[in-house]
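First the structure, in the form of structure tokens, and then the observations on it.
For reference, chains read A, B, C, D and E in written order, and residue numbers begin at 1 within each chain.
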Amino acid sequence: MIEVKQLKKIFGTNEVLKEINVTVKPQEVVVVIGPSGSGKSTFLRCINMLETITAGHVLIEGIDITDKKTDINKVRTEVGMVFQQFNLFPHKTVIENIMLAPVKVRKVPAEKARAKGLELLRKVGLESKAEVYPDSLSGGQKQRVAIARALAMEPKIMLFDEPTSALDPEMVGEVLEVMKQLAKEGMTMVVVTHEMGFAREVGDRVLFMDGGIIVEEGEPKELFENPKEERTKSFLSKVL
Amino acid sequence: MDFRWDLIAEYAPFFLKGTLLTIGLSIVSILIGTVLGLLIGLGKMMKRKLLALPFKWYINFFRGTPLMVQILLVHFGLVPLFLGTTNAIVAAILALSLNSAAYIAEIFRAGIQSIDKGQVEAARSLGMTHVQAMRYVILPQAFKRMIPPLGNEFVVLIKDSSLAALIAAPELMYWGRAMQGQYMRAWEPYLTSAAIYLVLTLSLSFLLSRLERRLATE
Amino acid sequence: GTSETGGTSKTGKTNEGGGEKKTLRVVTDAAYAPFEYQDKGEVVGFDIDFVKAVAKEAGYDVKIEHVGWDPIFVEIKGKTADFAVSAITINKERKQTYDFTVPYFLSKNEILVPKGSSIKSAQDLKGKVVAVQNGTTGQEVTEKILGKNSKDLKKFENNNLAILEMKNGGADAVVADNGVVDTYVKNNPKDNFVVIEDDGAFEKEFYGLLLPKGSELKADLDKAINKVFENGTYAEIYKKWFNKEADIQILKDQQ
Amino acid sequence: MDFRWDLIAEYAPFFLKGTLLTIGLSIVSILIGTVLGLLIGLGKMMKRKLLALPFKWYINFFRGTPLMVQILLVHFGLVPLFLGTTNAIVAAILALSLNSAAYIAEIFRAGIQSIDKGQVEAARSLGMTHVQAMRYVILPQAFKRMIPPLGNEFVVLIKDSSLAALIAAPELMYWGRAMQGQYMRAWEPYLTSAAIYLVLTLSLSFLLSRLERRLATE
Amino acid sequence: MIEVKQLKKIFGTNEVLKEINVTVKPQEVVVVIGPSGSGKSTFLRCINMLETITAGHVLIEGIDITDKKTDINKVRTEVGMVFQQFNLFPHKTVIENIMLAPVKVRKVPAEKARAKGLELLRKVGLESKAEVYPDSLSGGQKQRVAIARALAMEPKIMLFDEPTSALDPEMVGEVLEVMKQLAKEGMTMVVVTHEMGFAREVGDRVLFMDGGIIVEEGEPKELFENPKEERTKSFLSKVL
């Protein structure tokens, strides 16, 4: 469960998030759409404090991460994140990528972490790639490893920042498939994406952001077919 | 032009001795310089500007003044202050180490900064602390990128060690100058030492490019 | 006699007298032929032979180390060497900071020029380019004629470079100690250089062994030097290096 | 430690003269070095390996041997061969220019190669010849990228010019050594020259970083 | 008119194009699709000799460009190319980008070239941006300038290599619009793209490439709805 209250983020003089109020319920899948520069990534990054928050509060499972006393590293283990650029560790093999955080952060014994890692690789369809280095993988495979790596920490929430937009078109499907599976299993997810098919199919709610605010939100079908705001309409007309 | 090969033959043992000292000086200095450089690099990267300042000025000083001045200062000023006596080898190693440390500090910093910041973000988002992210994710990658510029710094150091001749450390250049002093000839001693330096630096460059290629395909 | 200076090392070797024979650390700048220079790595020269004779007479071993010119003064001031021999001219300024033994060599500056040069005396140096070794008395006397830090004066790190400069046409004359100049001419007749003496312009100078201020070695060494003068060893060494008779009287007159 | 400010005051006019010569030497040498470096860089980039070879070895020699050797060789070997007499200023400028040309050649090559090859392709696909693409598209962009490393090379050159003291070119370091020879003191002359070099190199770096920022926002 | 006959291209030991035979008729719009690495870009680059051709022949308006005697620069002025990464000249303003080749290659007087350039900018909807530098443009604007720049040479043929795949989704439309206009005006075009909507709407013919050969070709509607080859089917199922 994520509660975002009056969140503000200013870079220098650029007010990137103006006042964001959102609650993501357990097991909910929220899709965020909006034009480039509207603040979607920044919003996501504020949720696990990759950006310092200028004002407002973010509560993860009831814990206020903007509170100085909160151990942010502990909170982050509860929140997995998948980036547009994968950000796999190139000097480690696929299985090492997955095991690193459980072993070093959670102090899971290496054997157990490996077994868990292999299980996750099986889940994303890559058990045969455990011992190779990321460089030899295709984009779609990299992104699936990145998802497995995030899942290895057993997070309660997963954040996705345009996970398919750096991929060649024929690889988009395999990544979305993994994400759909995850949604079905009841993971709480916040997904920034331009894949409207995915939003329609698995999204519980869509947020349309522009200029640092949430302009409109609603069920996917409703929002895509009957946008209320002018800005939403003009954006959807370009993208759909 | 008459080129006196016989003189070179006569001085060959000294050129050999000098070459060995040149190699020794360079190796010891690059090792000390690397350790010092890492510390200074870390120092300069500290978030608190005030704490980073001395490191910044260390780098400014050693990169902003000629090595010749540094060698003479260390030899006539610094070493006697501590040892009570001059010692050319100690002074040469000290000056070369301190000097190369300044350059290595910058290499180190550049190596770390060259790592995509998505790498730290991925590490942090997995719950690693800043130190863990450095240790397991950033430094291993940064070190690999540092190898080529470090090798280059080693080549520079070999050449720079020739300045130790000015304080009478009997390295390669020193013997070139001794030979020149004995026979009052310029071409033989200096071309000979130039050739030896060239062999040293080119072999090192060759080894480095092989090492780089191996690391690249790893 | 013992020395309290640091840097001396005990050899542990005992001589027949039963007392300890100490090894003295002697520093020099071995780039000043024929007084001290390196013959393929070994420090040799008139000064070296002389010091060895004196040390033997005084009952010491010596270890001679080439450190370069400037470091000599650092070492002696810091008492990290027992004494220095390096054709060091005794003068007032140096006496303020250091002690010297009695003089052991008469020296004067001479002018080295190519054969046929118009330079016949020290005064002729005016308006000519002169190369010298940085920090020597040769530099001092030349500056008296040309003016201090004159643009016609080229200061090199050692006399070798200064002479090479003249040989290549970059200077009209070199001013340096007679010992250096004479030996160079003797060893390099092909260069066609000639030596010009000007006793009127260039004062006599005397070399001494350089000691830390207040060194207890001075007495020992002075005594030994006089012995070396008297027993003929000095004349022998002088003859070997300069192929001339030594004038011991003029040295003794200075004492 | 007693620090004799009076001695520095006495030598101030000489340090001033020396500084001016240092600046002059450096400026002339960087200019000649840049022109030479461009030619050598173009030479090394020639497609025919055999024609490029001499340029490659020029760069190898000047980057692989100490500048001290190069200065002594030029002063006592090369210049007398052509002028019939030594000339410290000519030798210093020549050695510094030849040396920096080798580095500038590489800067030039790196500058050209850093331009995305999509740029040439776009130019060629519009029907431009190779020469036109170079002239109107690649070189203007490459020159802009060359400014920071060229500036850096200038800083290096200022420091390297101190080696001209060895051949009695009366630049900054020469006077530092003259002062040391006169008073047999190390700290005063060498710290003074170090400070002056630092002022020169840091001011230059400052100017360069401002220039870079202006170019960046253009 | 483009005639490609038994075209082969080998990089080292990698045979990237195996044997390509295609004819593009005047005013025809040919769309090339296929998985990543299948040789689409290489095919396009061979048509205006950005790659040297290993074997075979390419005839542009009847002139064999593989013939050593052909002045390739002259032929290239007849063939405009638009790249995925735009490749605008960053040190020149928009109008200078457009004028450069006409003035330097065709020796058109600057005044005339400028007038023509402004007209083209109007056509792509960017007359107000003539004096700015490319850096200040959005991706979609950059690509439209790149198209105008290519058109300034008055080419008979235009080649497009994934012109929209580096763009944010909401900018894709504006670029495709310009291309549709061009097609309507009768430009001969070869377009590598994953925009199936565009292919359907303006493509006269679709080529499906895989592994360096043209696996299947046909009218868009026909090929998309009734692919004959297994490989085509599996590719389309991922992308559509």
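Note that in this section a residue touches a chain if its C-beta (ideal position, glycine included) is under 8 Å from a C-beta of that chain, and two chains touch if they have at least 3 such contacts.
Everything quoted here is computed from the prediction, not taken from an experiment.
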Ask   = Measuring centre to centre, with centres taken as mean CA positions, what chain is farthest from chain B?
value = E
Request  = Compute the centre of every chain as the mean of its C-alpha atoms, then state which one is farthest from the centre of chain D.
outcome  = A
Pair of chains with maximal C-beta contact number = B-D
Key: Distance between the centres, which are taken as Cα means, of chain C and chain B, whole angstrom   = 37
Ask   = Roughly how many whole angstrom separate the Cα centroids of chain C and chain D?
value = 40
Query = Distance-wise, how many Å sit between the C-alpha centres of chain A and chain C, to the nearest whole number?
reply = 82
Ask   = In chain E, which residues are in touch with two or more of the other chains?
value = none
Where chain B touches two or more other chains at once, by residue number = 75-76, 166, 180, 186
Request  = Please set out, as single numbers or ranges, the residues of chain C touching at least two other chains.
outcome  = 70, 74, 157, 161, 164, 168
Remark   = Chains touch one another in the pairs A-B, A-E, B-C, B-D, C-D, D-E
Remark   = Touching chain B in the complex, chain A uses residues 48, 50, 73-74, 76-77, 79-81, 83, 85, 87-91, 100-101, 104-106, 146, 149-150, 153
Query = Can you list the chain D residues touching chain E in their complex?
reply = 116, 118-119, 121-129, 132, 136-137, 140-141, 144
Message = If we count contacts the way the header does, which residues on chain A are in touch with chain E in the complex?
response = 35-36, 168-173, 194, 235, 238-239
Note = Contacts from chain C onto chain D in the complex sit at residues 70, 73-74, 131, 134-135, 139, 149, 151, 154-157, 161, 164-165, 168-171
Ask   = Hey, which residues of chain D end up touching chain B in the complex?
value = 60-61, 63-70, 72-73, 75-77, 155, 159-160, 162-163, 165-166, 173, 176-177, 180, 186-187, 190-191, 193-194, 197-198, 201-202, 205
